[in-house]
Amino acid sequence: PPGISMAEEARYGFGQPATEADIKAWNIDITPTGEGLPPGRGTVRQGAAVYSNKCAACHGPTGTEGPKDRLVGGHGSLATEHPVKTIGSYWPYATTLYDYIFRAMPFTAPQSLTADEVYSLVAWLLHQNGIIPATMVVDAQTLPNVTMPNRDGFVADPRPDVESRE
Amino acid sequence: VSSIGTTAASLIAPSLLPAEELAALDPTAVPGHAPSPYGSRAPGETAHRLPTATHSLTPHHALHGIITPSALHFERHHNGVPSINPDRHRLLIHGLVDRPLTFSMNDLTRFPSITRTLFIECSGNSGKEWKGPTGTTVQETHGLMSTSEWTGVPLSTVLAEAGIKPDAAWVLAEGSDAAAMTRSLPLAAVVKDALLCYAQNGEALRPEQGYPLRLVIPGWEGNTCIKWVRRLKLGTAPFMTREETSRYTDLMPDGTARQFTFVMEAKSVITSPSGGQQITPGFVEIRGLAWSGRGKIAKVEVSADGGLTWRTAQLQEPVLPYCHTRFRYGWRWHGDEAIIQSRCIDETGYIQPSRAALITVRGTNSVYHYNAIQSWKVGGDGKVTNVEM
Amino acid sequence: VSSIGTTAASLIAPSLLPAEELAALDPTAVPGHAPSPYGSRAPGETAHRLPTATHSLTPHHALHGIITPSALHFERHHNGVPSINPDRHRLLIHGLVDRPLTFSMNDLTRFPSITRTLFIECSGNSGKEWKGPTGTTVQETHGLMSTSEWTGVPLSTVLAEAGIKPDAAWVLAEGSDAAAMTRSLPLAAVVKDALLCYAQNGEALRPEQGYPLRLVIPGWEGNTCIKWVRRLKLGTAPFMTREETSRYTDLMPDGTARQFTFVMEAKSVITSPSGGQQITPGFVEIRGLAWSGRGKIAKVEVSADGGLTWRTAQLQEPVLPYCHTRFRYGWRWHGDEAIIQSRCIDETGYIQPSRAALITVRGTNSVYHYNAIQSWKVGGDGKVTNVEM
Amino acid sequence: PPGISMAEEARYGFGQPATEADIKAWNIDITPTGEGLPPGRGTVRQGAAVYSNKCAACHGPTGTEGPKDRLVGGHGSLATEHPVKTIGSYWPYATTLYDYIFRAMPFTAPQSLTADEVYSLVAWLLHQNGIIPATMVVDAQTLPNVTMPNRDGFVADPRPDVESRE
């Protein structure tokens, strides 16, 4: 086609330009710096209500009972024989909670929650884990500033790490 | 007449009696059935995956060679197998690229293609063995791995089409399953040899392995090989999704966790005789698989005395990098208790560790990346069980 | 935006629309289905063998890599597919042996095993092309061949168990199908590398390929690879069965017939773009298969001008002896009529002949062993047809 | 086990000795010298009857009509553009006829014929092809002595036979 650049000629030319709408529909990830967080807000109190409606059946009334993944507690357990890995004890970034709850929860209806619902659930879960006060409003500005207890608990892969001799 | 004995052959190739009406008493006297458009296995053959809600395990005790039949390739899904219309499926590439693009499956099959025979191993393969011998059979201990012939387009080719911006260092790969399964991958490493695959063992990918499109990264833990992939987003830093923080990280004894442990280190296992099988005295061919996420297997050794002495096993050619290698060792069992083991060495010189050496360094809380030597005990009765040495 | 164009991608990986209810509009919003014991392909995938009463043809236009999925492996039966109970199946070895023996399947799987990835090509593959361009698609012209990973025991190992008498020079191999399909084979040649196979692509043989036991002779015409094999009889001379006299002999122009023409000579074919497909201008990856019954493929060349000029194609590693080799050549089609061809050279230096050279020597009455260069014509409209050069 | 020889020790020891009965049940091949031919006999006249009952439906009343393989005729056609390969024009050994008819025919009931039936069918088919007289009795002694017209029509594989140059 006229006007095509030389650089474009060197490519195969397959595929279509992605439109803003294409990208917006799928661009759901949230980075640790908060990139991707949508407008909206949530409180611990609102989160308690949504959680009890949409989450408690699988994760237990307080987030500790299950039957599915335990979400609360386990602090100080990571170096013991029975580590309990939860949002509070293990997760390094609070933003990941928004990302994961929206993309994958509730398990039976992923990507069905509104931004306000997700912010509220994040607030409630962080509060249950003793990370934020009951009064905190969670939104795109405040969430990236929450420091998780195990933020510095991760190290890079040092392998090969095991001496193997005959 | 046998002066040498028998092996667990019926366990190696298990089959049920076909219903009597299916098997003619003398098949030479009865015309057989007609050719068909798409075959299925013999009715009596019942080797199967062991399925749970989240995964299923390949029956390596019943398989031969290195190719895993697609129907028996292990599964690990984070919210089930999606049903995808390939004509509607799109791959979106955006973020730090010159030109955000979407590709149809037709677009992707047009690019120059490449075929590689590669293992995929779940990082959780043998994970339950961290706590001590747990699985009864090799399907239970080592069933979260399989090998296929994968065909697709190099990831680098497709990314080049979009144009990688100079500051891009990580890529987020996202599936179109109900978990929107997502991993951050270091761009320089995956651009080297990752593939966007649309075919497995000759035909279109199976739904359980990512139909219609899967990222395959030679030698890396299975969860990085994003299935049903629909989005690649380039960025400067890892995106820190739940699958690389809460999951797929290995807890060390000091309470810290290792993150981004992508490569599956060298490992081997005897698939026959293995847990749940029974042998009788005489010649027994010890058969197994060895593999390394760092390249080719250089050597496999077998011990029949719990690791006191080791003998070099025969490797089935061709030995391919990032691929299962079938090894064999001819053994004569005299009816005494024995501990049989295999250990492999890869082309980097890395030696598969003993369980003791592994847990000395890593403790037993890791969950993932267990690659210790597997010990099978042959009892005086020939029965094989999973034991700790 | 494409300045380069498209290929026959939808024909390369054909699929029908899955029923709407099978494919979620957004698969990320709906939990998927659970893991399963034995998988099947996606509902929309419909690549299939073309069956007749006596054979079925592999859809090479729709396949990738070199492994043929077992469900799509070509078939050629002489009186249908028998239904065999593997627990009742026996292999009898008698004639000029020290000890006539029968073996159960359990006995056979006990021996030292070996795995090889090998093509099997029917001697009648492309046979209709002797009379000129006949098949419409590559499935029709070249569908009587497939490649599998075969596992079994070397024939020599099993014969040694019975003890070969010094005067034995030929072996009769007989199937337990309703044709009791039988061939005489020169002992010295088959003892070298023939296998008694019980596994194909990892699992038990498929019924259509000889379940539970098949003789596989690397590089030899498919009919010598006796399926459902139940008897091996050693003798001093060929047994002169109907399948090596009336059939599987090649009539020359002088009225004599060539007998015991076992080896499949080197051959190649472009599988994409191929007959029945349609391309559009721009980049087109020419993809095909090459193979030789005398060992490895050394080189494949591609012509896009009816044989005036040839360019070296890329061979997919590993290149294995007696095995399909996938070749690829990146081409840019500018919209003009073109004749595309491939020709291969094997490690013995043998060059795949042109049709003209082949029929100059052999005439057109041979029926079997047609291995001439295949010519596909790309019309101005991009439609591909089978033509004679 | 006691008494086992050293040679036997060197083998794997798998498999069972084949009994006479095992071998007899499956040992159906017939060599060009007539090895394997069973007792029994047949005539052209008997063959005509069996043929018309059990074969003619597929091969035609005279062996030339089909619909399945043509069994009769084609003499002198092998070097022409339209070769007709039949028992008479193409088959090098008469013994093969016994072997094949017993092992594979009738197509719907292979290995169902008695030795006398097979000898008779062989007689009739050879006679139809002008190879033996109407009065000949076919049995284990006479059959190997029948000389087929195309007995010397087969040559060994001379390949590689095609010069392939650029």
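Chains: A, B, C and D, in written order; residue numbering restarts at 1 for each.
The rule we apply is simple: a residue touches a chain if its C-beta (ideal position, glycine included) is under 8 Å from a C-beta of that chain, and two chains touch if they have at least 3 such contacts.
Bear in mind the structure is a predicted one, so any value in this text is a computation, not a measurement.
The distance from the centre of chain A to the centre of chain B, with each centre set as the mean of the Cα atoms, comes to 29 Å.
If each chain is reduced to the centroid of its CA atoms, chain B and chain D end up 51 Å from each other. Counting partners per residue, chain B has 6, 26, 28-29, 31, 79, 107-108, 110-111, 178, 180, 283 as the residues that reach two or more other chains. Multi-chain contact residues, meaning those touching two or more other chains, occur in chain D at positions 11-12, 14-17, 103, 107, 110-111.
The touch graph of the protein chains shown belongs to none of the named shapes.
Under the contact rule defined at the top, the touching pairs of chains are A-B, A-C, B-C, B-D, C-D. Residue ranges of chain B in contact with chain D, taken from their complex: 1-6, 26, 28-29, 31, 282-283.
In the complex of the two chains, the chain B residues touching chain C come out as 6-7, 9-10, 12-13, 15, 17-18, 22-24, 26-42, 44-45, 47-56, 62-73, 75, 77, 79-88, 105-115, 149-151, 176-178, 180, 198-199, 201-208, 211-212, 228, 283-285, 287, 316, 318, 320, 326, 328, 330.
Within the complex formed with chain D, the residues of chain C that make contact are 78-79, 90, 92-94, 99-104, 107-108, 110-111, 157, 160-162, 172, 174, 178-180, 182, 230-231, 233, 235, 237, 239-242, 245-246, 249, 251-263, 265, 310, 350-354, 357-358, 360-362, 365. Against chain B, the residues of chain A that register as touching in their complex are 11-12, 14-18, 22-23, 26-32, 78-79, 81, 83, 85, 87, 90-93, 95-96, 99-100, 103-104, 107, 110-111, 153-166. The touching residues of chain D, when paired with chain B in their complex, are 1, 4, 8-9, 11-17, 103, 107-112.
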